[in-house]
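I've put the structures underneath this note.
Two complexes follow with chain A in common, the first pairing it with chain B and the second with chain C.
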Partner chain A sequence: MTWLNPGGLPRRQSFQGWLFLLPLMIATIVVIVLPTLATVAFSLTDWSGFGEVTFIGLENFRQLATDASFLQSLKHAVIWTAIFLTVPIFMGLLGAVLLSEAGPLQTFFKLVYFIPVTLASVINAHIWRSLYDPFRGAGAVLEGLGIPFLADVAFLGEKNLALYAVAWVDVWRWWGFLVVVFLAALQAINPELYDSAKVDGASWWLEFRHVTLPGIRVTLLFVVLITIVGSLNVFDYVYILTQGGPAGATEVPVTLLYKSAFQKYEAGYAAAIGTTMSFLSGLVLVGYLLLQHMGWEE
Partner chain B sequence: MKQHLSRRQFLSLTSKSALAPVAGRFLVPASLATSGALSSASSLLAQEATIELWWGSGFLDIEDYFNANVIDPFEAANPGVDLEFSWDVDEELERKIPIAMQAGAGPDIFMGNGPSHIQAVAREGWLVELDEYAEQYGWEEKFQTWALDTCRVNGKLYCLPNSVNQTCLFYNASLFQDMGWAVPTTRAEIETVAQEAADRGIIPFAGGTSDCPLCVNWLVSIAFNHYAGPDAVHEALTGARSFSDSLFVEATELLNSWMQQGWIAGGAAQFFATTFSTVHDQLVKREAAMSMEGTWFIPWVSSLFAETDDDWNWVPNPSLREEVQYPVIPLGSGNTLSITTQSENADIAADFLNSYYPDTATIGQRIADHSSFFIAPVNFQEGDFPAELDGRVSKFFDLLADGNLGYSPWSFWPARTHSYLYEEVQKVFTGDLSPADYCAGMAAVFDEELAAGAVPPVFGRG
Partner chain C sequence: MTAGVNVGTARRKWNLRRTLLVYVPLVILAIVALGPVLVLLFNSLKTGREIVQDPLGLPDAPQLANYARAWRQGHFESTMRNSAILTAGSVLGVCIISGLAAYALGRLRVRGSRGVVTYLFLATTAPAPLYVIPLFFMWTRLGQINSLSGLIIIYWGVLSPFATLLLRSFLLSLPTELEDAGRVDGAGEIRVLLSIILPLSWPGFVVVGLITALGTWNEFFFANTFIHSQRLKPVTISLLSFQHQFSNDWELTSAASVIAVVPVVALFLVFQRRFIAGMTAGGLKG
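After this line comes the complex of A and B, so read on.
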């Protein structure tokens, strides 16, 4: 039983250590483990969310595999993930690199970029819904100023644009957070490495590639992890702005889950969606842990 | 937006409000009127009790009035009874009730999100049967039969209808007058007005669902009730006719043709992306001629037009097929009030419900004061409405008495079919689904729910 006492501590100290962990373990079991197990169990039933529960085996998962709405929502989640692995990370990195050289204005800009993060998603969404309004939004205002290129563009109404329009609202909120995270990582890099690179005649790009990126690798990997998991489970901005519409154009797995559970009273099916998404997120987490295990962070 | 406010916070806020003098003005007469209605039962309630109520947060818009006319009079008439309100949006309440009930933490009274929600909750045995209270308080006589019937599950009463509404046609009356347009009552007439408006660069029907995607169900309700007709809808809801019937397909085709012509909001993309505030602004500013909305819009349209020189009015939507008798009034029950089986004070809760619906003259006064909140489906008598009540509000009740009553999806469609109705019609508008396939899909979902006994009660014809 060495796993109970991995540090080889005296028995009394080991016991005290576990005692300190006990409240957190209880909270984890009650808040995370039991609901997760319950969700997995309900995914094997036809539960409506009310009353009787009937075991139906893997029927919900069989249905999911051929459900066009779910497959479309998965596709949207992949697109969303691709957007968030590129646009805000690029913007955040660029912003952090530029801010690292901003001198006394750095704090001011950090604050400005961070403001959207502090606003409630409902407020952010309301602001952007108004900006996207085809008759009274930014496009109409620009048209009034003689700049008509956005006139008649219904960002949230065009099925080919809506997902990107919603994603942009979330990017606008998220990238400021990444600026601050990346800036903190940049500031932890030993300045002597940059001095050495300069002595060796490295260009800005070579400095970035061989000093900056390796220096923030751990942070970057963590940001990639939370981006993928967050994107697979995105809900708030999509639900507030479009509820998955128009015509399913912005449907993502968790909005579908919500509708199944609370609009159609198909809680068992909703649990199957949740279990599937948790499984996919778990795969990403396993990948991250494998990279850690392989010493990628060292 | 989700809001939570305990009753004590509510009272604290209202007492500090600059509007307190206004609330005070209502307090005396309303208290007198309501306490009269309570007198018979309140003597039974000489006990300490806390009644927890989960209520629609929309009422926070009139918190002073609600406090002075509903809460305070009841507590004053029942010393020892404390009403604890928790406010939330209707959809959130719908989500929270099953969770709370299964956790044994349900309220005494909650505002349900319409009859189909109540069907599901009542079947679990979570609601107190109200039939004995109905007999005790005379609710059968007080409420309109059709409305009370929507609250029955297997013949037993489980809720009281809190509001009644209908989709209708609002129009800029001044614009109509200037253009020489007659108020339409037939399909030919409304299409003539729509075409003339479009020719002049005016959007025929302002519309938008950006704030409320499911509100596209208003349009489907209009198409089904005014084209297929309430008889056909009744047959469909009782299983005598399929939703895949050609009448419903044609109704959907007609609605879609209006959308594709740009008559509604300028087109489907604009319709999905436009906010309510823009919709209403377009109507006020003559950028749009009409708006197919519902009677819940009456208080707001009135205040919006008050800031302009233009005037407004509303009529039932035209009959869109010759065989459908005008006017059709598609009725909807906005939300409902129920007592849960976890209430330890069901008698007091029932007494509060009774006090919430005082004599019809008091309800008439409340409608005159705040017509968006108190349009209760009760049997009004002549003289119940005060003289200052706008005729455009009282018209609603006249039509209820005389009209060809129809069925709003949010009240009479079962949950999954209703969800299908507003989710999938969007695909018709975007060209991803044909009207025939849309109706066939609705029929398939409905047939499953009909077989499962999940269809809310439907009032009969005639």
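After this line comes the complex of A and C, so read on.
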């Protein structure tokens, strides 16, 4: 249809196109781009958030490198990432593979698995705070049934358990999303590949390794990306359920950032945390784009 | 081919072991997903004493009065209104902003449009901690703390990039003949957009509207940071302080939670196919 676009039209379209892009550009520049640049700039300063800004170079980062509570929060973010790279992805794959065999009930189960995805974090947190309760929760019920070992365990109050207990709440509302994502990817695989695997007499494991996994690798890679970036920047469930406690046992970088900026008024220091976490997220993103660029998607 | 498929399904149908192997784990997963939600529903209908005696079981006699109390004491009249305002403003703005942008990216030849797509991808993945601190102090300066419209503008910026990418890929899948004919007839781009593209692409807008509505209604991080006055709190944020305030009255906090959930679950069940399609599109297209 190039004959419809003689000479001047593309240029006119280009100008009008940028007019149409203008609201989007303004909104994202005001809300995301300028504050992002400001974060990086403020990370080099001593600033309370109000009043005077003092340039101190890399001092905030030097402090971060030896700040025990920051290093501990980083460790928690790594544990969180490890949990999220395994548990929900396994549950999501399991659910998707089973659903692809489920026949007419597929839609029903998909719907059920997706319901926690649609609930607000505050609601999910409330549900699990009740279930975790040592006296009125699931542990107490199990004790009544003669299974005593979970009784009186305060999942959210126990230093060794709290991080995992909070992570499970987030896993619980997340894995159903992955089921649906993986199922859509599975359904896009050419069925003939499975047929020929069957003809070759491949076991289900070989079939999974050589047909299913390669078939969904683009989706899997994207899920790994959003999992890592999301885990490094986790906030909602930790903030709602434990506020980082007990005694820092669930403190993650962003809860620390939040407290520094809005409770201790150390906005410069908080900006340095934000810059560090975004730098780490950026590294992951660059790795992802490189893989994509190298033709991993072909 | 057809015969082979029939034989396959017939064989599958009679294979009891295989059926169990598929359905037993599916049912277990369904209990994992739905069980806790049902416990919430049950607790919302019990008396406080019942919850202590039987925390997971069915209620004896449904206590609908819990809901009336939760509605009153949870200030739902004002929080529902605030959430509705936020959601409407966010959906309307995101649809307009991303509709215009997606049209430019998916339909017009715009110089630099590939760069814009990469920019939008980066904006979608940009973690909020990277920009929330200066945004907060900028909004403080502009008097936009404790302002629903101030929060709505943030949602525009945060939610439009993904919505644009989604609408763009939707537009790219539509045929171009009609609009080319429109242009030949001398219609300007705004005419083409309004009278040709819009009627064809409304399913895409429904998807974008739904995920924006869900994202706004459930949003916690920005709402919690930018709204502090009880009068302006949306449902989710107000619910959190309500839960702390009545942390021992589970029947009350559970009823309040159910009230907060009802609009979302209703919307989800009605539009579930579009919902799921929209929310998973990002995972497929990258």
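Just so we're on the same page, the second predicted complex is superposed on the first by the 271 of 298 C-alpha atoms of A that agree within 3 Å, B and C clash if a C-alpha of one lies under 4 Å from a C-alpha of the other, contacts with A are read in each partner's own complex, and residues count from 1 in each chain.
In the analysis below, a contact is a pair of C-beta atoms (placed from the backbone, for glycine too) under 8 Å apart; a residue touches a chain by one contact, two chains touch by 3 or more.
Model, not experiment: these values are computed from the prediction.
When both complexes are overlaid on chain A, chain B and chain C end up clashing with each other.
In the superposed model, A:Ala96 lies in contact with neither chain B nor chain C. In the superposition on chain A, A:Ser130 contacts both chain B and chain C. Touched residues of chain A were counted for both chain B and chain C, and C has more of them. In the superposition on chain A, A:Ile83 contacts neither chain B nor chain C. Judged by the touch definition given at the top, the superposed model places A:Gly49 against both chain B and chain C. Within the superposed three-chain model, A:Phe262 lies in touch with chain B and with chain C [touch as defined at top].
Of the two partner chains, chain B is the only one that A:Ala154 touches; chain C does not reach it. Contact with chain C, but none with chain B, is seen for A:Leu232 once the two complexes are overlaid on the shared chain. Contacts of A:Pro35 after superposition on the shared chain: chain C is touched, whereas chain B is not. Contacts of A:Leu186 after superposition: neither chain B nor chain C is touched.
On chain A, the surface patch touched by chain B in one complex and by chain C in the other comprises residues 49-50, 122, 129-130, 133, 135-136, 262.
For chain A in complex with chain C, the residues that touch the partner chain are 1, 4-5, 10, 13-14, 16-18, 20-21, 23-24, 27-28, 30-36, 38-39, 42, 49-50, 91, 94-95, 98-99, 101-103, 105, 109-123, 126-131, 133, 135-138, 140-141, 172, 176-177, 180-181, 184-185, 188, 218-219, 222-223, 225-226, 229, 232-233, 235-236, 239-240, 253-254, 257, 261-262, 267, 270-271, 273-275, 277-278, 281, 285, 292, 297. Touching chain A in their complex are the following residues of chain B: 1, 91, 94-95, 98, 120-121, 123-124, 209-211, 213-214, 266, 268-275, 277-278, 281-282, 287, 415-416, 419, 423, 426-427, 429-430, 432. Every residue of chain A that touches chain B in the complex is listed here, in rising order: 48-51, 122, 129-130, 132-136, 152, 154-159, 162, 242-249, 259, 262-266. Here chain C touches chain A in the complex through residues 12, 18, 22-23, 25-26, 29-30, 32-34, 36-37, 39-40, 43, 51-52, 54-56, 96-98, 100-101, 103-105, 108-111, 113, 116, 119-120, 122-123, 125-138, 153-154, 156-158, 160-161, 164, 176, 180, 183-184, 189, 214, 217-218, 220-221, 224-225, 235-237, 239-240, 243, 250, 253-254, 257, 260-261, 264-265, 268-269, 272, 275-276, 279-280, 282-284, 286, going by the rule given at the top.
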